[in-house]
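Okay, so chain A shows up in both of these, paired with chain B first and chain C after.
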Partner chain A sequence: MTLLSHWRRHPASFATLFIGLAVATALWSGVQALNQQARSSYDRAAAVISGGGLRSIVGAQGGPISEAQYVTLRRDGWKVSPVVEGTARVGDVALRLLGVEPLTLPRTSPLATMEGVREFKAFMTPPWRALIAPETLAELKASEGDRPLTDRARQLPPLQANPDVPPGLVLIDIAAAQDILDRRGRVTRLMLAPKTEAPVDDLKAVAGEELRLVEPEEMQDLERLTESFHMNLTAFGLLAFFVGLFIVHASMGLAFEQRLPAVRTMRAVGVSQHVIMGAMLAEVVVLALAAGTAGMICGYAIAAGLLPDVTASLEGLYGAHVAGRLAVEPAWWISGLAMTLLGAIAAAAVGLVKTYRMPVLAIAQPLAWRQAHERHLAQQGALAAAALAVALLTYLLGTGLLAGFIVIAGVLVGAALLLPLALAALLVAGESRARSALSQWFFADSRQQLSGLSLALMALLLALAANVGVGTMVDGFRKTFTGWLDERLVSEVYFDATGDAEADRIAGWLERRSDVTAVLPFWKAETRLAAWPVDVFGFRDHATYREHFPLIAAASDVWDRVHAGRAVLVSEQLARRTRLAVGSPVDIPTSIGIWGAEVAGIYPDYGNPKGQLRIDLDALLSHWPDVRRTSYSLRVAPDQAAALIRSMQAEFGAAIGRIIDQSSLKAISTRIFEKTFAVTAALNSLTLIVSGIALVASLLTLGNQRLAQMAPVWAVGVTRRRLATLELAKILLLAAATACLAIPLGLALAWCLVAIVNVEAFGWRLPLHVFPAQWLEVMGLAILTSLVASIAPLVRLGRTSAADLLKVFANER
Partner chain B sequence: MSVRCIQACAAAMLLQVTVLTATLADGFAGLGEEARGFAEVVPGRPISLPRDFGTHDDFRIEWWYLTANLHDSTGASFGVQWTLFRNGLVAGPARDGFATPHVWMGHAAVTSRTAHLFTENLARGGIGQAGVDAEPFRAWIDDWTFAADAARPARATLRASGARFGYTLELASEGPIVLHGDQGFSRKSSSGQASYYFSQPFYSVHGTLTLAGRDIAVSGQAWMDREWSSQPLSASQKGWDWFSLHLASGEKVMLFRLRSKSGGDYLSGTWVAADGTAAPLDQNDVALTPLVSTVITDRKVPTRWSVHIKSRGLEIEAAPLNPNSWMGTSIPYWEGPIIVSGSHRGEGYLEMTGY
Partner chain C sequence: MNQSLEKGSASIAGAAGVPFLRVVGLRKNYATPQGPLTVLRGVDLALPAGATLALMGESGCGKSTLLHLVAGLDEADGGEIWLDDVEISALSDERRAGLRRETIGLVFQQFNLIPSLTVASNLAFQARIAGRLDPAWQKELTARLSLDGLETRYPEQLSGGQQQRVAIGRALAVKPRLILADEPTGNLDEATGDEVLALTLELVAATGAAFLMVTHSSRLAAKLDHRLLLTSGVLTKL
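Let's turn to the complex of A and B:
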């Protein structure tokens, strides 16, 4: 009771503590909820698509499997079930088609028992039925029974909503899928039942070298592709959580400090150490649970608010569909609260240990602060050096995304720990130059105050640095990306016909038009390199590419070599992943065998989760004879593009699957880009808000202590108004100094993100651009934050009565 | 008439509206409409061989059904079942590939006094995963086959396997094909529904069973049924009991009883002399009486029967080799070897559905 009465006397301390814990929990749990939501969507998709962790048999060269090969395996006793997979667009919505064969589906597959699939007659006979998630049905703006047209002008079977189907997927009979995707006689892969009922020979003995067995994890492309995105989110969540814990640590430490006299008194009157410790620990637990619960609720709100952007990012970047309605599991609540509890106990540990070790008769030593603080600073300096050393070693020796994050963490922690040292040095320098007594007091007092404010300032430093770093990266990316789009999207019109014959007809018509200066086919085949999905584009030699296509590295006669049909252009991601350089040989699985080619150039392919190869069109046709020949780009005077599209639509109508002009295509790409970083920006602002709260918390809790320092200055004739102005100047000075330090730290962070994390996570490297205007913005933000944070404490100081100030002299302190 | 037709109809029904646990009889209603568009079974169409060993895609359902009574060197008895059904989901023009409307279902089982092992395969027609060729005769689904020797059509090999069993048997037909009903036109009910139905009850068998990892050399006799139809059965019929008997005298008997919900069971059968001469049995000439029931997973199934055929002086008791010969396939039923004693001795197979 005695201990609890402390909070009644210091409601502001209590509020900051509570808010600190709640905010830390909210950001962390919000990010976790988003990750969990995405993962459960992937799992739902993976369970359905891979048949619940089943092994698959695929073409050894990544090509399709013939029905005859499937029958050969079945007739040899292999319990395999054929699957036809592909994509189709309906309007703006990209759909993944999964064609299954219900009679042979392994019984362990979730599909085998799915309602709608088991109704064999309706599922397996024309017009078939298309099972689709209710949210995808809504996205298509369709109703059950509708039969929308795909971009290839094929009608989907009547739609039927089924909540077990993952979003973005259309589940149909294999015959319907073959029909819609133009894959008669072929299947994509074979699912293998977990326990085959017949003795199974070695796959090679039955199928020779043509087929290959893949483990289920090889199929989980989505999870692997999106891993880096979620790691980014997690890193942000953790950063916010630690910033929150700074607040908690600051206010807890203060509370322990303030209660030392009370504890001493209690110990003196005979309350045992264990009872006091138990009471204080219980207090922390109760507080953590209460604040944690509030934080979890806020976290849910944050996650729900960010979910649309996250789903849009994932869909735009990876084609991954995430359910749009947030659903959290009990594990989320438990792990979130546990995290808060552990964090709170860790933040309170220093205070608890201090209380535990305190000799009964020790006296408070507020005046010994200087020596103590200096010792503390030396320790912090050592820690900072250690953190920076870890960062440097990891950078030199480590590889992978995790190493990238360790480097960033080391740099951030090291810099944060160095901050008080740097500020102290700054203040010492100021003090030595100060002329008047008041300005000397100003610097000396600032140094004294530093120990109380340093944690909040560290939080501010981290938030500002994150702001600079992420801002630099995002703006740099935007600049690079738009520049790249301008170079890459040179043609004015892009279209896709519904079939080879239609495409031929349209291309012939376009060739005869005088306004169209070039008709450039870009036809696509698919393969896999190092188990990674790769698109292969064939293109014809044309000035459009020679003059505009952006290359990162290239052989001297790159275009001639490519069009000679022996060399290929490789996307940056693919080159990094498979360690290809200009001049490297590369073995490419084609539909007729392995093609040994050479790398002639490497080009940036930002934002593409798949690998990409660009090759000569004739080479494409000879290595993939059955490739779809339907996509073209057109050169036309920019002001005639719209007219050309209109006349093409009038002439060919439904034969054109998709047609788009350059500016719309750019707009779509840019929109996807903006969505991707909307989440980052939101989390960034939230982190800054948290650090603002930390500053307020520290200033508020320091307020009472500060009286002891200010009363003598007031007593010698400095007005309260003057004192308040000095206080404000002090805070602004510290904040501005912190912001100045945050800028180089932010740039270092941006460099880490661009040079390490992006390369590891996405496979491409961006040039580092700096944006000085951003720095001013950050400076302004720092000053604004500290100004807002100072208002309440200053108002309180202004209102402090003379009597209160006098009391300082009456009290023992 | 063969009651197996009902099973096949029910199988078709199952493949159209999955009612995995519903009793078969419940699935009969509404089949009449479904048959529209398929060929009709009419009297006077002569059975033509080897053509009719093959498929009849314009009919809705057909099956190739083989049961064997076998013995090892110690005299221990075994039963073997090999069944292939074809079901047309919808009538209409033939379509190739996965778009075919034909669905195939295979059942295989081995029964001993203490074990009954079975398994099921489903396959889509149109791509070669399952099918039947008339000449040389070959029926298959996945790695199960029932194929005649091209050089000696009277001989055939039968092969199937499951998780814990398998068999490879050589068959030799030692008697003529038997046509049921009126030259193969077999009535199914008093309201005129029918199927085309013939049998080869004179197979001698030798080969190997694999049971619990042990190979067992066996020999014995087998009965093959061949039947096709499009027409459904009466909604009032809830199940059937079907017997095939190999008598020690060399005579063969086929009997069935269709149980009606409203009473008034429909009985029929064929008496086959040792030389293969077949004579239909009249409904009033046959009496089938259940004696003892076995409870199998909440179902009470009569597994011991008394069988009387007055005109032939036959008064026998049919006892199961293994009363737990339950086929827990997508359409569950009881099918297993029986031992005949009484006025005649012998062995055979019993099939019961709808319990």
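Let's turn to the complex of A and C:
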């Protein structure tokens, strides 16, 4: 009761402690809820698509399997079930079609027991039925029973909502899928029933070299592709959590300091050390659980608020669909509260240990400030050096995404720990140059206050640096991306025909028109290199590519080599992943065997999670004879593009699956890009808000101590208004100085993101652009944050009566 | 007002010269949960330049309150306080601060030095913000207060006696016309307290300022020219 009464007398300290813990928990648990939601969506998708972790048999070169091969395997006793996979678009929504054959589905597959699939007659006979997640149904703005048209102008079977189907997926009978995807007589893979003995040699005996077995892990591309995105989110969540713990540490430390005399008195009257420690620990636990619960509720709200952006980001970046309604599991609550509890105990540890070690007869006075502060600064300097050394060593010796994040963590922690030293040096310099007594006091007093404010300023530094770093990266990405789009999307019109025959007819018509200067096919096949999915595009030799197509590295006669049919262009991420350089040989699995080609050039392919190869069109047709020949780009005078599109639509109507002009395509790409980084911007703002709260918390908790420091100055003739102005100036000065340091730190962070993390995570490296206007913005943000954070403490100072100040001097009245 | 002045002057019998400090009918109440508490019920006081006065009374009788009102740190509920020809009680907060800066030296029991400034900066602080720094006088004060060699130290690195000497130096550096001391030796042992008070009186005499000291100690009070007792909110002569 004696210990608890402290909080009743210091409600502001209690509020900051509670808010700190709640905010730390909210941001951490919010991010975790988002990650969990996305991962459970991938798992649902992976479980359905792989048939619950089953092995599959696929074409050895990545091509389709013929129905004849399937029949041969079944006759030989193989318990396999055919699957057809492909993508189709309905309006703007990309759908993944999964065609299955219910009668042969392995019993362990979640598909075998799924409602809708079990009703064989309705599922397997025309008009069939298409099972779809309710959220995807809503995204299509369709109702049950509707039969929307795909981009190939085929009707989907009547839609039926089924919550067990992962978002973005359409589950249909295999015959319907073959029809919609134009894959008659071919299947994508064969699902193998569990416990089927399937030695590779047996498979070779039946199918020769044409088929191979793949383990379920190889199917989980989505989880692997999105790993870096979730790691980024986790890193942000962790940063916010630590910033929140800064607040907790500061307010806990103050509370322990303020209660030392009470603890000493209790010990003196016979309360045992263990009882006091137990009470204090219990208090921390109760507080952590209460604030943690509030934080978890806020975390849920944050996650629900950010989910649309995250969903958009994941779909834009990886084509991954995430369920739109947030569902959290009990494990989320337990792990979130455990994290808060551990964090609170860690933040309180110093105070608890100090209380435990305190001798009963120690004099109740705080440690001499200067001595303690200098020792503290020296310790922080040593820790900063250690953190920076870890960052440097990891940069020099480490590899992988985790190493990238360790470098960033080392740099951020090192810089944050160096901040008080840098600010102290700045204030010492200011003090030595100060002319008037008041300005000298201003700098000296700021230095004294630094120890109390340093945690909050560190939090501000990290938040601002994250803003600069991520802002530089995103703006740099935007600049590069826009320039790259301009180079890449040179043609004025792009279209997909619904079938090869239709495409042929349209291309012929276009070639006869005088307004169309070039009809450029870009046909796509799929393969795998080093287990990664790779799209192979064939293109015709044309000035459009020779003059505009962006290349990072190339052989001198790159275009001639490619169009001679012996060399390929490789996307940057694929080149990095497979360690290919210009001149490297590369073995590419094709429909007809392995093609030994050479790398003639490497090109940027920002934002594409898959690898990509660009090859001569004739080479594509000879290595993938069954490739769909439906996609074209057209060169036409820009002002005639719209008229051409209208003419094509009038002439060919439903034979055109999709048609779009250059500016619309760029607008779509840019919109996807902007959505992709919306969540980053939101987390950036939240981190900044947390650092603002940390600053308010520190200023409020320092408020009482400040009276004792300001009262003597007031007594000798400095007005309260002047003191309040100086107080505000001090916070603004410290915030501005912190912002000045945050800018180089942010640039270092941007460099780490661009040069290490992006390369490891996505496989491409962006040029680092700097944006001085953004620095001004950050400076403004710092000033604004500190101004907002100063309002409450300054109002409190303004309301301080002479009587409150006199209490500092008065021993009696 | 003359009648009041005469009444106030009578309360420090024997004080010679024109009063520099005049307090007339001063009243002060405090709001408490039990209702208003009146600590000063019409205090009259006059103190000429160069005179020293000890103000005594029980704990909580209002001695420090009277001292704070005279310093312009607090506002009275009634009555007048004059410093020379300026009525402090009629001034704005800003003007009172200016008057305090230039005319009054304050010494507190808890020393109340500025912890972030060195001894030298603390000593010069008030004189510098008042724009009245006299380096020769500052040097003399440093020497007479035995603070030589301690100028670059910080308050926390000094003993209690040394800190109080810095506080006295700060109050005197501006060459004030009135020095107000609230239990200046209350935190010091008897020998150190005697030494500090003797030094203070010596320096006060050198500046010709009026000196008003709140104390509990009759022994220390005896060292000053005059003594008054504050009881039940009014002053009586001892």
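The rule is simple: the second predicted complex is superposed on the first by the 800 of 813 C-alpha atoms of A that agree within 3 Å, B and C clash if a C-alpha of one lies under 4 Å from a C-alpha of the other, contacts with A are read in each partner's own complex, and residues count from 1 in each chain.
Following the convention adopted for this analysis, contacts are C-beta pairs under 8 Å (C-beta built on N, C-alpha and C of every residue); 3 or more make two chains touch, one makes a residue touch a chain.
Fair warning: this is a prediction, and the values are worked out from it, not measured in the lab.
In this overlay on chain A, chain B fits alongside chain C without clashing. One geometric descriptor of the composite model is the angle centred on chain A: between the Cα centres of chain B and chain C it reads 140 degrees, in steps of 10. Of the two partner chains placed by superposition, A:512 touches none, neither chain B nor chain C.
Of the two partner chains, chain C is the only one that A:445 touches; chain B does not reach it. Once the two complexes are overlaid on the shared chain, A:8 sits clear of chain B and of chain C alike.
Once the two complexes are laid over each other on the shared chain, residue contacts for A:579 go to neither chain B nor chain C.
Look at A:274: by the touch rule set out above, it reaches neither chain B nor chain C. By the touch criterion stated above, A:799 is placed in contact with neither chain B nor chain C.
The least CA distance from chain B to chain C in the superposed model is 82 Å.
Residues of chain A that touch chain C in their complex: 368-371, 436-438, 440-441, 444-445, 447-448, 709, 711-721, 802-803, 805-806, 808-813.
Listed in rising order, the residues of chain C touching chain A in the complex are 30, 39, 59-65, 68, 71, 73-75, 93-94, 97-102, 106, 108-110, 112-117, 121, 124-126, 128-130, 154, 156-157, 170, 182-183, 186.
Looking at the complex, you find that chain B touches chain A at residues 15-18, 89-90, 97-101, 103, 119, 122-124, 127-129, 140, 142-143, 161-163.
Chain A makes touch with chain B in their complex at residues 67-68, 70-71, 74-77, 82, 101, 103-104, 118-121, 124-126, 173-175, 178-179, 184-185, 195, 197-199.
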